[in-house]
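The chains carry the letters A, B, C and D, assigned in the order they are written, with residues numbered from 1 in each.
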Amino acid sequence: MGKIRVGILGATGAVGQRFVQLLEDHPWFELTVLAASDRSVGKRYAEACHWILPEEMPERVRDMVLQDCTPGLECELLFSALPSHIAREVEPTFAEAGYIICSNASAYRMEPDIPLLIPEVNPDHTGLIETQRQRRGWSGFIITNPNCTTTHLVSALKPLHEAFGLEKVFVVSMQAISGAGYPGVASLDILDNVIPYISGEEEKVESEPRKLLGRLAGDHIEMAPFQVSAQCNRVDVRDGHTECVSVALRHSASREDIVEALRSFRSVPQEKRLPHAPDPAIIVRDEPDRPQPVLDRLAGDVPGMATVVGRIRPCPLLDWKFVVLGHNTIRGAAGGALLNAELLVAQGWIAS
Amino acid sequence: MGKIRVGILGATGAVGQRFVQLLEDHPWFELTVLAASDRSVGKRYAEACHWILPEEMPERVRDMVLQDCTPGLECELLFSALPSHIAREVEPTFAEAGYIICSNASAYRMEPDIPLLIPEVNPDHTGLIETQRQRRGWSGFIITNPNCTTTHLVSALKPLHEAFGLEKVFVVSMQAISGAGYPGVASLDILDNVIPYISGEEEKVESEPRKLLGRLAGDHIEMAPFQVSAQCNRVDVRDGHTECVSVALRHSASREDIVEALRSFRSVPQEKRLPHAPDPAIIVRDEPDRPQPVLDRLAGDVPGMATVVGRIRPCPLLDWKFVVLGHNTIRGAAGGALLNAELLVAQGWIAS
Amino acid sequence: MGKIRVGILGATGAVGQRFVQLLEDHPWFELTVLAASDRSVGKRYAEACHWILPEEMPERVRDMVLQDCTPGLECELLFSALPSHIAREVEPTFAEAGYIICSNASAYRMEPDIPLLIPEVNPDHTGLIETQRQRRGWSGFIITNPNCTTTHLVSALKPLHEAFGLEKVFVVSMQAISGAGYPGVASLDILDNVIPYISGEEEKVESEPRKLLGRLAGDHIEMAPFQVSAQCNRVDVRDGHTECVSVALRHSASREDIVEALRSFRSVPQEKRLPHAPDPAIIVRDEPDRPQPVLDRLAGDVPGMATVVGRIRPCPLLDWKFVVLGHNTIRGAAGGALLNAELLVAQGWIAS
Amino acid sequence: MGKIRVGILGATGAVGQRFVQLLEDHPWFELTVLAASDRSVGKRYAEACHWILPEEMPERVRDMVLQDCTPGLECELLFSALPSHIAREVEPTFAEAGYIICSNASAYRMEPDIPLLIPEVNPDHTGLIETQRQRRGWSGFIITNPNCTTTHLVSALKPLHEAFGLEKVFVVSMQAISGAGYPGVASLDILDNVIPYISGEEEKVESEPRKLLGRLAGDHIEMAPFQVSAQCNRVDVRDGHTECVSVALRHSASREDIVEALRSFRSVPQEKRLPHAPDPAIIVRDEPDRPQPVLDRLAGDVPGMATVVGRIRPCPLLDWKFVVLGHNTIRGAAGGALLNAELLVAQGWIAS
């Protein structure tokens, strides 16, 4: 039984590079296709790509030749790191042609028939796939992972929502520069500075959590009935988004209840031991000054895949406040899409 | 009619240096005394002080000799940049001996009979001074300015509270390293990082605003009846605290109402044209990505004294959210104490 | 007698913005023309320009409309902040049409009949202008200022060359990100990093000093007979290039001789009191750890125009080593071109 | 045959923590002793130590109790991360008592009878040990590793010296903040800045290389006959020193000769496959803009132990110039001392 052949759409960008790195020596997937924009098609990967990761570029991709983002690629599953406006055009052509798309793009996240997935949070939402195929007449399908800030926020909220019911969520993020891709944020804009604005980000963080924590109701998701208010900032940090969160809960909970709910949380990826599932999924720190990006962004047994929570304390206005931290280009982007693909395998949506 | 002779307690530290700089060529005050801890007493200022400001050390203070922090100093008014635990011991000895203390320390801010002042916000709270003198038997007195984060938060809240009534305030701060003094934050702790914790800070930001916006009721302040929830973070920015704020208001207000209330705000310092009063006191920016520390921390006609507000927009949970920015060691510390002293002169508490 | 009308070619970029800022309220020049690339032509300056300076955009340029970079502009003198390959095409068309060009571009710096000027260093090199006009049949002319790193290096070397004769120069630079323009250096490339390479920079720093310190010999410059070895690095500093320099001198000099030569140096700009001439031109610091960008880049009476030298000490291999620091976008770019224009006025090349 | 018991003197500081991390699961050494200053003695390591490494503190050291830095410790070999002035007092008392000291302190580096060692460079200098014991009457002995900047400089120079003979060396360093320990460099001193001075550093870099590349001549080292000129700067980089180097060689060499000499260099640690020996010892990069701290400080098969060289090109003044980069707290400090200890085992100075 061979490995499943996979490809990357948008392979030369910041997220594309993370896919390349994470797929090196994957036990289930073999990277056979790198696709990119016209400008790069026909070039060797090592030549077309300005590699920005500290880890050296894997030897075997250096000479792979970049292909066009059009069906005909030799693989079953595609990871999409395309910009959203291009993803909107390109991804359906592949789904129609029978490919499975695990997309990091925001284009289709909020479509009613397209799953927005965090395997620990709502693995059952893959139940939308059949609806999607029927409605759109596709032989393949698209699944998506949420925005980087949403991902870690909802990973931390899930056990609380399950145990105590969320009513309100305040979140202020301090987001890393790698979230803007490459070249992304100009150094003159961020050195000795904070930018209190990221285009489109607050809208995503205020809407995606309600779909992720929503209920699969046949052919659509019933949005979870809580409100989110988000304020998103860029800070001069390479990797790792920090989020200050306050929540109101339906049922009262003690600090011990909160900690216990977070620490004991395990879900499908941990139970099925998916290759990129961190265990524990959520790391709770007791120190007064943690989590911090430089110390915690790679915490846990699968570097960059866990969510770290700290500073759990009462909120004078809502119920509890705490700090959430997670790696934005691993679990918050490429790693999130990859774990989604691993979930698809575990659920039998794709066979090797 | 000569200038009022003033001195600085804790003159060699980060805030002490700002006092030195701001007092250069002051129209009303003449700096005659520099006092510091035992370690520095007897040394020339230029020798005892590791000067960290980009502006050159003023020529005339270089050869001033540092004195002991005990009464007998040749001046009428003292600016205190002492650490809080030392301020607690030292400041009363001066007040008893007849000195006026304008203190930046937190030691006495929340005492019922000691004014916590922002001249634009609660200039009438100097009405506590007589109570203080009587109760404590002092010929001098102490007034205080709030924490750096509180200062700019409350400066922005004041016009809203006056016009629409505050009910709830959420604030998440991203605070500059200069707020921790010198040497303060280790570079290994903050490069490529966020520290989601500043010791004692959240408690101050949650309590001081209620006193500042409270009502003078004879011999005490009636706390304003709203709640604040604060989360304070350190970021790698030299100067300028950025604060993400959400507020609930008692009376409904449109975005135009909010902007108008902030833009038109003038108070005693502007009317009396105090030397360090910024005019306008509040600068409202319309761009989607302002204010930013590097662009706005020195904005306005008196550098570092104004509060800058931007990104005013509806909050899905409360009523309005916005971003507040201000200079933490100027208006947020030394400049705040200096404007308080100027208010005392304008109100006739001290004569030249 | 009115002001001289001046314009800026490439007005929206980082150096263009510095020209705008430095020309505000200039005693001799009036800014009447802003020109830029096709993309911006016809737009208001405030709209076309992503302003990156902490100083607010001057009110009077906000509504000025950007014009095409072709002759016909209403002014006598043009400051060029064009990219080099565009400067190469555009600048001669203006010189031919009678304009005076003070160019910051590298395109024509090393041409034999085009002056490469630092007013303190080689003001007599304007003697090339007549040769240039005759040879090229131009009614206007072009003068240039050197590369930012060269500028401060040669400003410090000039008094030493004059007094003791330079034989060899080693220089390793640590250059600010603003030197790369905007957006310029990506934050992902420079946070927590050093880039030991700047394209084309070392070649400039190894060649320009020999022309600047060369001798006007009728219709050309005789290169000064010393060698330079340069290594150029980018560091995460906003403004201010730091240079570690070692020199071998023809005649022996004591440390006191070196300091005296630097401190006492005055030249045409200081004698003629040109509006942007710093006095002193060179600031010598005695502390062991100065100059530093954050403390010294704006040192002196005309912010950003002086060169700061420190750490003068013997070199085990050559004769003396020291550290040079200067502002790269003020004296090292726009300010350098502006002082060149002021020199032209003082020398009578242009009349108001 | 059991593991050799080792301890750390100065275990709670920045270098001490690196020793702890590098000794986790070491094949030959077992960490049995943690010693520190009086202030920490008797406390648990987890309690006494402000851990600053991104890697989590190893579980097994958390509860180890800190001991006094006096003989009687239960181990054969001690790694010393003591400050130099303390090392000067403390290390001899251990050597006299029979312990082997592998010291990172500078105190004894230049003593004639104490080896200053880089295992790849001068493994035969352990020949001084017998002289040292006899002369001092010690049953144990001290060996030292060089300064962090020297270490990588000399690692790169060794193959060139061997093949072509060094005559002159210029070096300008851009050093990481971790080199100053913890808390070390204040963030206010280094954000947006370069500090062109590190106390005592240039003296070390100008003297240590001559001993390291010197010749063992019976009971002393004959210094290598070349001169070094060093200029040392601090930059805002967490880990990894970057050095711009120029060399004059006795025998002429082409660029290919230089590259070949560096790339093919192997020495005792590589041949004996010491656990922390990187292979290759020197990594040569061909890109124009490498090495860079963020990309190359952990390069190679043993993270942080290799030296990376790039930008090899002719020098207009000497013969060749190039850029050297290496990790300062791994190979440049704790890792260097550890490899020295591994060399001692390989040479039979200590038996397990």
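Note that a contact is a pair of C-beta atoms (placed from the backbone, for glycine too) under 8 Å apart; a residue touches a chain by one contact, two chains touch by 3 or more.
The model shown is predicted, which means the values in this text are computed figures rather than measured ones.
Enquirer: Could you tell me which chain lies farthest from chain C when each chain's centre is the average position of its Cα atoms?
Expert: A
Enquirer: Looking only at C-beta pairs in contact, point me to the busier pair out of B-C and A-C.
Expert: Pair with more contacting C-beta pairs, B-C versus A-C: A-C.
Enquirer: For chain A and chain B, what's the span in angstrom between their mean Cα positions?
Expert: Computed from C-alpha means, the inter-chain centre distance equals 42 Å.
Enquirer: Distance-wise, how many Å sit between the C-alpha centres of chain B and chain C, to the nearest whole number?
Expert: 41
Enquirer: In whole angstrom, what separates the CA-based centres of chain A and chain C?
Expert: Taking the mean C-alpha position of each chain, the two centres sit 48 Å apart.
Enquirer: Which residues belonging to chain B are in contact with no fewer than two other chains?
Expert: Chain B, residues with two or more chain partners: 191-192, 236-238, 294-295.
Enquirer: Chain adjacency by touch: line, ring, star, complete or other shape?
Expert: Shape = complete; every chain linked to every other.
Enquirer: Can you check the complex and tell me which residues of chain B touch chain A?
Expert: Residues 168, 170, 172, 174, 191-197, 199, 206, 227-229, 231, 233, 235-238, 242, 244, 246, 288-295, 310-311, 315-318, 321, 323.
Enquirer: Can you tell me which positions in chain C touch chain A when the two form their complex?
Expert: Those residues of chain C that touch chain A are 14, 52, 177-178, 182-192, 236-238.
Enquirer: Chain B touches which residues of chain C in the complex?
Expert: Residues 54, 56, 191-192, 238, 294-295, 298-299.
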